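Multiple structures follow.
One chain, subunit A, links the two complexes that follow: it is found with subunit B in the first and with subunit C in the second.
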Partner chain A sequence: MTALKRLLRPWRGLLLPVLLLGAWELASRQGASQAYAFVPLARIGDGLLELLASGELWLSVAASLQRTCLGLLAGVCGGFAFGALMASSPLAERLLGPLYHALRQVPILGLIPLLALWFGSGEFTKVLIVSLAAFYPMALNAFEGFRNVETRYREVGRLYGLTPLQRFTQVNLPGALPSLSTGLLQALAFAWVSSVGCELFLSTGLGLGNLMMNAETGSRMEVVVIGVLCVGLLGYAMNLLFSRVSQRLLRWRAPRPGDSR
Partner chain B sequence: MPVVLTRLSVFASPLALVLAWLLLARFGGFPAQLLVPPQEVYQAFVELLQSGELREHLANSLSRLALGFCAGALGGLLFGIAMALSETVEAYCGPLFHVLRQIPSIALIPMFILFFGVEETFKVVVVAKASFFPVALAASDGVKGIPRRYFEVAEVYRLPLPSLVRDVALPAAAPPIVTGLRIALSRAWMVLVAAELLAADSGLGQMIEMSRQMMRIDIVMVGVVLTGLVGFTLDHGFRLLERRLLRWRDTP
Partner chain C sequence: MTAILNPRLVGAELPQPGALAIRGLNKAYRIDGRPLPVLQGIDLQVLPGEFVSIVGTSGCGKSSLLRLIVGLEREYDGQILLDGEPVRGPRLDCGLVFQDHRLFPWKTVWDNVALALKHQRLSRREKAERVDEHLALVGLTGFERAYPHQLSGGMAQRAAIARALITRPKVLLLDEPFGALDALTRIRLQAELQRIWAQQRSTMIMVTHDVEEALYLGDRVIVMEPRPGRIRHEVQVDLPHPRERNAPRLQNLRDELLRELTGD
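Up next is the complex of A and B:
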């Protein structure tokens, strides 16, 4: 008995999900009105196979990912430049900082209707929204990263008579890297969410959000569930990939500068 | 004089933006319907305010936010504390919790619409979901992060349990929890606006979406600015509260 218990111990975390799935399946068999919301698990499997076979899922995922990457690239570059500028010049910080912090307060998804009216509901608007979502966290972290480069490192750089470019690439950039990677990670999360979000609103084009929204209007719960799972899984996978890569790239600075004093 | 100038420089860029907008609207050659001049936006704001429409939308949105946030945050608080205190709860619920945490609230909107319809329930549930997870995570981390030696000292002093909770555990766990509440609130606001944009009969998001369909950019802009203001006020208010609640702490 105890041996069995010990064997089952690591699997305790699975009990609740299995129970929930069982309850879901049970609810789906309580007549047509329930099956409308709680689709039978088998139907979800069938739906997944169907979506995979027709290539619809691949197309949607590819479109969403492409949009996220494009927006992320633009937003991260912009945010990096903006943050670096604000950190390097107190004048720029005083002048641009308040505007930046004021605009940052507007929820990105709230901007969609306005941007859609100005730029149409096509691809450009979507990429613009995604890049805005990536811009804000990246700018903030770049600013903080460059701002908090330790003074003694800067002094050493000055002592060696480095040119401004050398100072940037050899002192400031390495010093700001941890913060930059945090910014990138946050930007990625925001970009992904807003990419799906703007697809939900702007019904033209392809994407996971469009897939889910079309399924919602057609009351096809199984497709919606598959969409939700895809969004969660892909977001998680990208986050994991990025944090692994940045950990690996930053492994040379395992001890934080503040700790080693 | 320089101090005054420095203070005033805060307003430089927002003012420059408004000025550029004004000039662009007047001389830029854009149709006034698309690039609405600031004064018209202000006019729309005054009209909406006087007709009471704005107050109604705002009240609807905020009451949904309050209801959903209270439910979600309370649930998250209890769940997080339970998960931190009991290994059993953590072992059984932890994995599911961390998996569900990965799903963005926005992506759940279509699913919730199918489950709960487009009525009030759906919006409150979305807000509650958006607030539950950050608060639960913060509460669990906050309680787990209380240094063990605090309890040891309390044991030496034979502190009774109520006093232990009130004087030792609560102050030690409060800072991360308050931060978690603040993050949850701003996320909940964002998700609520999104949900109202997609499906609602009232609320700030619905006002924006309706005006978008009627090409009333002035009202859309009023809505966008107001959304930002509400978000800012909530976040800033919470920050002040945070500072006030935690002022006893030594600054590190």
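Up next is the complex of A and C:
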């Protein structure tokens, strides 16, 4: 019994998805109209093979991933610099803070019409949207992280005569690292969602969002489902990768209750 | 013969001097625009190599005094002279051990101690030797790769002492260094501090609220009184080191100090 339990333990997370799949298949067999809304699993499988063979899925995934990476890089770097600036200079915080906090309230997808008007609906606008989505959480967490580095640690830096650069690399940066890593994880999630989201709104070019929009127009519901699955799985995989990396970087922290070891 | 008498060469052989002179020191914090005096009219002379203990109830400004001496606080009236030179900011020949060990949680014990050498132009090997030597001095050999959260309070405080000593300060200030430790660990670390002091011969000034600790370690014990912080009393502890913890002379002095601190 316990041996069986141990064998099944790593697969616990799959239980619910498998049950859902079963329910889905059951629903698809309740008649023709249901089969349109809940595409039978077999048709989804066929569609997947077709998309893989034509290379369309690879191209879409690559386009979406590339856009996410570019936007994430720009947004994270910008957010890091912006947050660090606001944390280190009260003047910068007073000048930039209100504008930042006001703009932060606007859902990123709500800015798409304006941005499309200004910059067209090409690749640049999409990357800009993704980088904005990554920028906000990164800036906020960088700001909080740098500002909350404890004075008692800063004093140690002063005591041992560290240069400003050494104070940054030895004290402030590692002190802010937990918050920075939270910011990065949030930025990743927002970047991925907005990358696919802006493809739904700006229908030129390649991407998983475009794939899904075109499939919907052509009533290819199985392709829509494949798109949804890809977005979910890729997002999950990227989140897993980033949290592993941040766990490694933050291994100096005392384990807290609830941490998996 | 003349070479031996050359004062510069002799100075290199002898332990560094570390004379501290404080004259007419006043310090006030501003609370809501009004000055709140924390230290008033402090006069204190500390000889090179002397161990001075400062005791007093909380709020008597003893921590502020150490922060002024080490240069973390810069606004004051009066004079603070380290070997004749006024203190203007933190300097490496004056070290400070805090009550909380203040090791960086993101660095290993070894890296925390090595941090104090960041500014110094030493080869990697020299640096490594000095870190290893100081970790051995405080009995932490074998824990180089541990992170602070993996250490007990006593071990963390030992690492903090190693970090403070590695710059070879002329004066080492200790701000209730054992205040957060359990009684047994405290007794063991007091004995170790006495051994380290005898070995290094640097000037040490320790703030504590433990009268027995003050007497066991100090050549001299200064009693401070609060609001505003002033020096109230001074006791010479004329016993050679290392000392017996329960020497009758220490018992008598303890009674005298406790009377000073509690009664009027």
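Convention: the second predicted complex is superposed on the first by the 224 of 261 C-alpha atoms of A that agree within 3 Å, B and C clash if a C-alpha of one lies under 4 Å from a C-alpha of the other, contacts with A are read in each partner's own complex, and residues count from 1 in each chain.
Quick note on the criterion: a contact is a pair of C-beta atoms (placed from the backbone, for glycine too) under 8 Å apart; a residue touches a chain by one contact, two chains touch by 3 or more.
What you see is a predicted model, and the numbers here were worked out from it, not measured in a lab.
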| item | value |
| --- | --- |
| First, second, both or neither for A:L177, with subunit B first and subunit C second | second |
| Touched partner set for A:R12, first subunit B, second subunit C, both or neither | first |
| Which superposed partner A:E155 touches (first subunit B, second subunit C, both, neither) | second |
| Subunit B versus subunit C as contact partner of A:W252, first or second or both or neither | second |
| Touching both subunit B and subunit C, residues of subunit A | none |
| Touching residues (chain side subunit C, partner subunit A) in the complex | 70, 72, 89-92, 95-96, 98, 100, 102, 104-107, 115-116, 118-119, 147, 149, 167 |
| Partner subunit C, residues of subunit A touching it in the complex | 152-153, 155-156, 158-163, 166, 170-171, 174-175, 177, 251-254 |
| Of subunit B, residues touching subunit A in the complex | 6, 9-14, 16-17, 34, 91-96, 99, 102-104, 106-111, 113-115, 189-190, 193-194, 197-198, 205, 208-209, 211-212, 215, 217, 220-221, 223-225, 227-229, 231-232, 235 |
| Of subunit A, residues touching subunit B in the complex | 12-17, 20, 36-37, 94-99, 102-103, 105-114, 116-118, 192-193, 196-197, 200-201, 208-209, 212-213, 215-216, 219, 221, 224-225, 227-228, 231-233, 235-236 |
